[in-house]
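Paired with subunit B in one complex and with subunit C in the other, subunit A is shared by the two complexes that follow.
Our next item is the complex of A and B:
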């Protein structure tokens, strides 16, 4: 079976590269085809890479506290570019200061991210969630974009429905 | 001692050189140019050969070809016209364009994402010589590719299609387009960011041979001379590629060839050096790169040069004195009379300014840049495109630059370019400038396949170093 491609990178003007390398090694070992864009990645670069590689998910890291500004409009841009169903994950030190994580999580979910992780997340758990989410969204045997890539009717004609979809699909708050 | 002849069949002139290969290396014995006989190339070719060999003009080609080894190139009416299709503009489409240009072609149209009906109409109207069809990494996107393949299959396009996209659907693409001539080759971007242009270039070259050899008597030349033609820009590209390997002191070089219709820019230098403070964004460009600009040229493209290059020209006119109207009138004159040579001091200055403008814009489009960014970790430069800072030799070729008497015509616009805009342009920092005085680069390029070290040695030996007069 073909591996699922996922796109990885540190967003914005953030140069923290150590965690990024660890994530690459970890998710590769977990059986993903990791497309690592490294540090200082723009939204457009994430999306370009996801289109060419037919990625199932984009994993955004942000360590320097400006994640909220950098991630603004990410889901909208994905939709604009035709990535109707891609999973968006984000994790790291997402905001400056000591904001409770629940508030941070809510903020990023509102922006259209499917999962939001604190800096101390157990990677093993994140990988399990990712596999589960891919299965749910793309079906159990979704190796090729021909099976799922054709945007389904409602997705295309009603982007609003898709935009809010991550939240409705999300069981937890 | 072996006699070797190299011939470059251009659109107006057929240039040729007789070389002698001895133990000491390759030497130029004689060179000349005769008018190209477009209707039947054999006549011009025979004339060139008899001239070089000192034989009677009426000697049949059959007798002439026995006297020397013959290699030749053809500019194919300004190069192969290639249309490029990619997926994302900054990724596979950019590579498709680069591959087409470094194979000696010129990109006449390019399309990203899904082809629209008007895109298809444009393609049908343009009727390119080759359609280069790419998109998706191996195992990556197939949706756009298959959709485009279906659309292309239903189009009235008759040219060969080189498919260099997602390998996973290559067979399907070929099946969908089974009414067309589809040549499948390796993906030009098998993994994200991995650049693989060589297989595409090879396929384009093969098609060039097949297409160009048909008609105008070239097949007779091929048969009698026993050698295949190559596209002229590819010959130069190959020469630029091999020089550093045989002439290590010429390890980082660039060449600018300004013609009547196009300006070619070649570079052979590492495109990005990784450091803590420089982050590369976008593709890592190949070490040997050619770009060709169809709107920059001294005669056929003089009008479009005036449009593209007006801000630069205007600034130079202000510095030097002559009026804008005079320059515009001159451009009108040379656009009507393509063989016109300047007659007055002012006209010479105008030609020089046009050449400077070609250098300026060709370099602008070829070279990358650095943008300064402040991050919480300190100052960082974000690099896009190719770094030409380490280039130590810039070679001028083509009618105007071959005859240049000073480095200024190249150095000056490059200096201006460095100072323009917020982004720092990654242009040569400590380069010397040279002229391909005898216009040997395309001729020697033809010999690279068989005699790489000899051709490289003569190429650098034939260059004349240019000094600054100003």
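Our next item is the complex of A and C:
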């Protein structure tokens, strides 16, 4: 089956890179085609990458507290650029200061995010939710709306993504 | 090609003209006025002076991190940390937009913070507040005040804050680039920090000693001591060359007590050695130990324990300063109350171990010698590839991966080395990438990692690294399998 593309990145002026590298490894292992934009990504860069790769979801990380400012208007910009079905996830330390998670969640859901995660989220659970959400929004065998179910092109359904994942085992010892 | 040479004053002033034009508050910044202001600052508020005294009296001074968007609120915050937290040294932590020179966005953050009645910025936007605003902060506190940030190009920030009376400035051309930026060439950031150091040197020439502190912990994530120390020494050398005289070199807690104490010893001894080797002997060298910079437990009781261990090891290591965390670390920016709690917990732990030494001297000496041998191989190769010049060598070394910081965001960093903990929690190097570490040393690292693999009944794998990264926030030092 074709892998679903998801776009990953840390928004704004945030340079927290450790979690980002781990998310890339994790979601690749979970069978997604991960398009990782790394740190300091603008809303426009997220959206461009999602359009180019026909992504099902954008996963936004923010750990430095400016998430509230950086994420404003994200959903509107998606709609404006024609991404009317894309799933928007956000997670991390999203606001300045210790705040009950329910308040943070409500704030970001109002901004149009489909799911909001605290920094200690169980990644397995997040991946399950993502698969479920993709199925619900795009249908059970959601094919790209652009190529009418004709998987073509060298990068589709080949094991490249797996092969390019960082080595999990070193031969030396 | 960049060289470790003192920046020519004429060139300095040419660059300065451009730097001051990058934001309106830069327009009237005057070094002369700054010098005049510094002359009025009493001794107990001069950072370099207080650090030097700490070394003489064998003290470990406490400093938190703190910064909010608005001037009045920032002053209240610092005063609270001074009175309720009993901080010895005060910070002004700069927000993330300013760190990327995105002053327009910082302006928006100030505006939105005013509307919201609370800080929406993660620090103090010093450039936007300008010399006048910063001076109000300096005049409102009674402890030495330092700018703490993460800015690859900190030239304007330095001009403004030093002119406003700050007496210490954190950062360096490597340590504030590789872990804090995505696409800033190493040569560019080294050049921009030569400017900052030259500025500090200018104040020095006028009798004003400003303390400089390279950022030791780098990515704060399983950084092997040799990498942090080699980079700290390079930044110290670059700073001294520009006329800096008061230098505090840093190291971030790794977690194994023996390795951490050994790292501070190795740092101090080798910095002295390499500074003298370049012909300098009139510097004031001190060290700073950062409490755990990786992920923290959410449970505040557990977080206090991480803080207390950091305090204890800072004291045992003999570092002159400890940077203190708060029990809110897992959730991001702390309230002032949480921040003061971190300071009080640290004080208590430090007081209780002040005069103790608790481990076998031979174990400690072994680690000191190991780290020193590693640092020497990194630094000597850096000099070699720079044909004797440490600045040129650093740029070339990052290009070739001879210097390499794990988990860093910068595209100018190789990111090939794989560190992980051994069975006792020492940070060892599994895959050295292109680091020029000798084979016998690597064999030792691998032997120690094999001990862990055997104990855990699994092969050495990348999974161990991710387990290690989250281990402390989940309650353990070493990330064991479930």
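Basically, the second predicted complex is superposed on the first by the 145 of 173 C-alpha atoms of A that agree within 3 Å, B and C clash if a C-alpha of one lies under 4 Å from a C-alpha of the other, contacts with A are read in each partner's own complex, and residues count from 1 in each chain.
The rule we apply is simple: a residue touches a chain if its C-beta (ideal position, glycine included) is under 8 Å from a C-beta of that chain, and two chains touch if they have at least 3 such contacts.
Quantities reported herein were computed from a predicted structural model and do not represent experimental measurements.
When the shared chain is aligned, subunit C comes close enough to touch A:119, but subunit B does not. After overlaying the two complexes on the shared chain, residue contacts for A:64 are found with subunit B and with subunit C alike.
When the two structures are aligned on the shared chain, A:127 is found in touch with neither subunit B nor subunit C. In the superposition on chain A, contact of A:96 is made with subunit C only, not with subunit B. By the document's definition of touching, of the two partners only subunit C reaches A:18; subunit B does not. When the two complexes are overlaid on their common chain A, residue A:35 makes contact with subunit B while staying clear of subunit C. When the shared chain is aligned, no partner comes close enough to touch A:77: not subunit B, not subunit C.
Once the two structures are overlaid, the count of subunit A residues touched is higher for C than for its counterpart among subunit B and subunit C.
Residues common to the contacts of subunit A with subunit B and with subunit C across the two structures: 13-16, 38-40, 64-65.
Residues of subunit B that touch subunit A in their complex: 87-88, 90-92, 113, 135-137, 139-144, 146, 168, 189, 191-192, 279, 281-282, 373-377, 380, 382.
Touching subunit C in their complex are the following residues of subunit A: 12-18, 20-22, 25, 38-40, 63-66, 68-69, 93, 95-99, 119-120, 166-170, 172-173. By the touch criterion given at the top, residues 2, 5, 13-16, 33, 35, 37-40, 42, 45, 48-49, 51-54, 64-65, 82, 144-146, 149-150 of subunit A touch subunit B in their complex. For subunit C in complex with subunit A, the touching residues are 95-97, 99-100, 102, 105, 108-109, 112, 118-122, 150, 179-182, 219, 221, 298, 328, 330-335, 338, 407-409, 418, 430-431, 446, 450, 459-463, 466, 469, 473.
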